[in-house]
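Each chain carries a letter (A, B, C, D, E and F) given by its place in the written order, and its residues are counted from 1.
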Amino acid sequence: MLPNLSFLIFSILFVASNAAVQDFCVANLKGPDTPSGYACKDPAKVTTDDFVFKGLAKAGNTSNIIKAAVTPAFVEQFPGVNGLGISAARLDLAPRGVVPMHTHPGATEYLVVVQGKITAGFISSANKVYVKTLNKGDSMIFPTGLLHFQLSATGVTSVALVFFSSASPGLQITDFALFGNDLPTPLVAETTFLDPKTIKTLKGVLGGTG
Amino acid sequence: MLPNLSFLIFSILFVASNAAVQDFCVANLKGPDTPSGYACKDPAKVTTDDFVFKGLAKAGNTSNIIKAAVTPAFVEQFPGVNGLGISAARLDLAPRGVVPMHTHPGATEYLVVVQGKITAGFISSANKVYVKTLNKGDSMIFPTGLLHFQLSATGVTSVALVFFSSASPGLQITDFALFGNDLPTPLVAETTFLDPKTIKTLKGVLGGTG
Amino acid sequence: MLPNLSFLIFSILFVASNAAVQDFCVANLKGPDTPSGYACKDPAKVTTDDFVFKGLAKAGNTSNIIKAAVTPAFVEQFPGVNGLGISAARLDLAPRGVVPMHTHPGATEYLVVVQGKITAGFISSANKVYVKTLNKGDSMIFPTGLLHFQLSATGVTSVALVFFSSASPGLQITDFALFGNDLPTPLVAETTFLDPKTIKTLKGVLGGTG
Amino acid sequence: MLPNLSFLIFSILFVASNAAVQDFCVANLKGPDTPSGYACKDPAKVTTDDFVFKGLAKAGNTSNIIKAAVTPAFVEQFPGVNGLGISAARLDLAPRGVVPMHTHPGATEYLVVVQGKITAGFISSANKVYVKTLNKGDSMIFPTGLLHFQLSATGVTSVALVFFSSASPGLQITDFALFGNDLPTPLVAETTFLDPKTIKTLKGVLGGTG
Amino acid sequence: MLPNLSFLIFSILFVASNAAVQDFCVANLKGPDTPSGYACKDPAKVTTDDFVFKGLAKAGNTSNIIKAAVTPAFVEQFPGVNGLGISAARLDLAPRGVVPMHTHPGATEYLVVVQGKITAGFISSANKVYVKTLNKGDSMIFPTGLLHFQLSATGVTSVALVFFSSASPGLQITDFALFGNDLPTPLVAETTFLDPKTIKTLKGVLGGTG
Amino acid sequence: MLPNLSFLIFSILFVASNAAVQDFCVANLKGPDTPSGYACKDPAKVTTDDFVFKGLAKAGNTSNIIKAAVTPAFVEQFPGVNGLGISAARLDLAPRGVVPMHTHPGATEYLVVVQGKITAGFISSANKVYVKTLNKGDSMIFPTGLLHFQLSATGVTSVALVFFSSASPGLQITDFALFGNDLPTPLVAETTFLDPKTIKTLKGVLGGTG
């Protein structure tokens, strides 16, 4: 039979409580941000809800020009992932929907189709193209920083879950970067070989100026 | 109009082809393994299929004692994730199914319920318990190395997709570690406070000896 | 003979004083914590004592149920290790003393016996057991996140110094995690295959409820 | 006066020679590549020339359509940088020369103008544009993975030295990625909003098919 | 023709603006410092000038005893490099100028000669010497933490640009460390085998005491 | 009562055995070395003895000019630490023994005195000296890459255990680097301000030439 462990409990818990901060570092989004992530929320105030995110349950609104929606669960939406090297997003693609050519500057993406059928691909530094049409349950991986895209490959709505190797993967959509800001048209023309007229048209559509 | 860019093409592609190896490093599972992952497959032999995994599409067999199945997409099953800091698995839970108490020694886990309802939880170094019942679409995060578990919370089969912040997260199921090998019963008793009879019973069930 | 270097002194020290912050980052335990460790104490206020720790000199109190004591020198006790990827602890084991089955979620452990004789072991993800009885001066390594334990192997008090590959290695003692908190008995039973009566007995001894 | 140190020499050098491999790991480009870089050349065969690179001394050939040349000193050209987290390149820009919009998927770039005048810029994930005309001696930094470009801003040849936070930074030129391979025209159209005619023209110029 | 993308713009920019903090983390030098670098400046206040540094354009003053000057662009001078794993410096060497034996405790150095001729070298842990005389345009790499030096090898002023694999590489000049502070002469003598008279002379010249 | 778990055993062990390689990577010292460490020994051939090192049990031979001995347990002596970010050494100091001024280019050092009394110190990049006399049980930390030393502070033999934040910390003893190889005397003189006569004397004693 075991005697009462109260002596042990107090001496060991002393250690354990001091070590607690290393398990996780829920982001205090109002605290300072650093190169390794946000400052940590006081562990005494952390609750289960800090580790749970309900925002991926609902379909994004695909009533837009790309017939697609991306719902992120990055550190800003889900502070529990801060410092843990992982985050997620939900991707909804109506028929003919498309996630345009883009990169995540700081993370690899792992995609799983959970509904429908999606054509996805990426282009390597060696300029080789890797494209595949994925069925429900299929996975595809897009290495860090490379241009990639996803398109609906079916007449019904498709859904994918995507995961990133960083709590803050970033997102740079090529069209927005080129045509959706104030980068002067001559600069865009010189650095992309597109003609000014095409650029100006796209700037008009995507909200760019200059 | 643009002139022909062949000069450019050759000079730039020279650079690009040399840089190709850094984009990804598909595992050559027969090559040497290192602390950073497996040696890379020859990039010239890499195809789209190296970046696609179909093994998560099919339900795992839950006709077992835990009424659960874990289907991994770690580097050994999906060599494309080598060196990219991410991997995945599919979790099938029949009614009353359970993934017993376990840890991943080398990765944080991010879980999303894609069907049914699952009760999941983890225990921190400070010995605090974080448990939640998750509906379809809900996410939960389990920080690196901490004990955690998942249980069916509904009368129908539940499915979750889980992602890890490593291509090789590891898996240590506490019961198997304690009762499923040749760790001598007196050693288990001394290090767990369980009585030898309980230990021997569990060793019998889980295939342990000693 | 050398001329006076005052010109040099001023120009070079300008550089050197600006670079000082990178050498070390003594923890300001009252400042914000981040995923990479605590904010740094003002370097101008750092003294030699910030790099010295005297707490491992004294034997821990082994008059408890496990006849063992763990004295940590983690970042909370020894702020000088902040950000440096290393920390330590002292382990005292009276005869029949035991450090129960546990993991360090965030670090590898390197143990050296400095007095007496200790039996130590760990269990791998592949469920293989590695156990050894160590004499004075012998070392053993326990890879990150794996279950391990230490027991006295002699009739006199044993002492070990243990080192970790992190300033904040964490500590999760399996028995405390399972039986020393408010995790409900049915949940423990379902996730460990232990019977409720055994669980309730251990909860009573280890201070758990539910 | 000091006695002869031969005893010391032998005992200490024993240690030192064993530790030598950690100082550097000159790439054996014919050995296996891994996620952390190439296997190391036998340290006994390493010479000073492994740490010296002469390829940046000579101007690149700017007689091409972009009136620009990039001469890399990445791990494939300069094996001495393997595993050291740094590499370089030389950039020559004739009048009206341009390095088109591109990214380095795996590294931050630090540029210094050593001759002439260069207009450079990058676009952030938040779609903000940062552009500056740099004179001789000026530096600019381009964070990891973001779209950026450089253009001649003078009537004479400009030269810049650029450095990367990786031995293998990669290079993805947007125009080549979109128009210089076999990515089908309809796919490019759907993922970039460019019209098929523009795409086909650029594919013709840049050597793309499909 | 493309319809108006305003729906898309708003939904996507929501994501993008949340992800912005991960692209870069310009140092707020008055904010807390951490093991991963300084806290980030508010991204809304970041301008192009935060990514541009003009301090390397001007020659350093070599009218000093070493006939050399080092002008740093570390995080303290160039806050834009914070967290990006790279920094730079300019090296001016008048004829007979020398950068004395030194180490950078936290970074590899990559040097390019941009004017004149420089003899440079380093010493490995295995005590092997690697020395080379470098002409304009030649590069040399000095692995992390090893003793190295640079000397003028010509009768005219030489200039080099040096880059580091850290935003905060540190600088420890051996002579200053040994003779330019209050380390007691007997301690220096015992730990260097130099005689006290030589030490006292150098302390006098370099401003040391004790 | 629990039924037989054989179904579970087979399905789960399949996963576990595939994950085994990630727990550890015992060095195959005859295999390729990489920037992240040596290639791994075949896990099937790994035994408990790969994780145990007995070389620190025996006192080093201090019958030499420095009356000191350093016995390493780096990856070359103790292959089990490969890739785990930690290693160790034993330090024996006879009365008047000294470990001369040195650096570890790739690791922080954590020292604990286990016998006797030791004076230890280091010098920061800001050229500040941190020195302390340590009694049995006292710890001191020496941040990565900085010059440091240890001396006997008592009339009896002292022993310390030192630990490093790397499996391959390196060791560069300043005197050996300056005077124990073929670095030409004029080069040493120019880069250290020592006079050629002193240099030649030390070269004679320490086995240097040139």
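FYI, contacts are C-beta pairs under 8 Å (C-beta built on N, C-alpha and C of every residue); 3 or more make two chains touch, one makes a residue touch a chain.
Remember, predicted model here, so these are calculated numbers, not experimental data.
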{"item": "Joint neighbours of chain D and chain B, given as chain labels", "value": "A, F"}
{"item": "Set of chains adjacent to chain C and to chain D", "value": "A, B, E, F"}
{"item": "Interface residue identity across copies chain E, chain F - same or different by half", "value": "same"}
{"item": "Approximate Å spacing (C-alpha centroids) for the pair chain B, chain C", "value": "26"}
{"item": "Cα-centroid distance, chain A relative to chain C, in whole angstrom", "value": "35"}
{"item": "Chain centre separation (chain D, chain E; CA means) in Å", "value": "20"}
{"item": "Contacts with two or more other chains, residues of chain E listed in rising order", "value": "2, 13, 16, 19-20, 22-23, 32, 34-36, 105-106, 121, 124-125, 127-128, 131, 143-144, 146, 170-172, 176, 180, 193, 202, 205-206"}
{"item": "All touching chain pairs, where touch follows the definition stated at the start", "value": "A-B, A-C, A-D, A-E, B-C, B-D, B-F, C-E, C-F, D-E, D-F, E-F"}
{"item": "Residue numbers on chain C that touch chain E, as the complex places them", "value": "2-9, 11-13, 15-16, 18-23, 25, 28, 31-32, 34-40, 82-83"}
{"item": "Residues of chain E defined as touching chain F within the complex", "value": "98, 100-101, 103-106, 119, 121, 123-125, 127-129, 131, 143-147, 149, 151, 170-172, 174-178, 180-183, 187, 190-195, 198, 202, 205-206"}
{"item": "Touching residues on chain E, where the partner in the complex is chain C", "value": "32-36, 60-61, 63-66, 69-70, 72, 74, 76-77, 105-106, 166, 168-173, 176, 180, 201-202, 205-207"}
{"item": "Sites on chain C touched by chain F in the complex", "value": "2, 13, 16-17, 19-20, 22-24, 43, 47-49, 51-54, 56-58, 73, 78, 80-81, 84-88, 108, 110, 112, 114, 122, 124-128, 130-132, 134-144, 146, 161, 163-165, 193"}
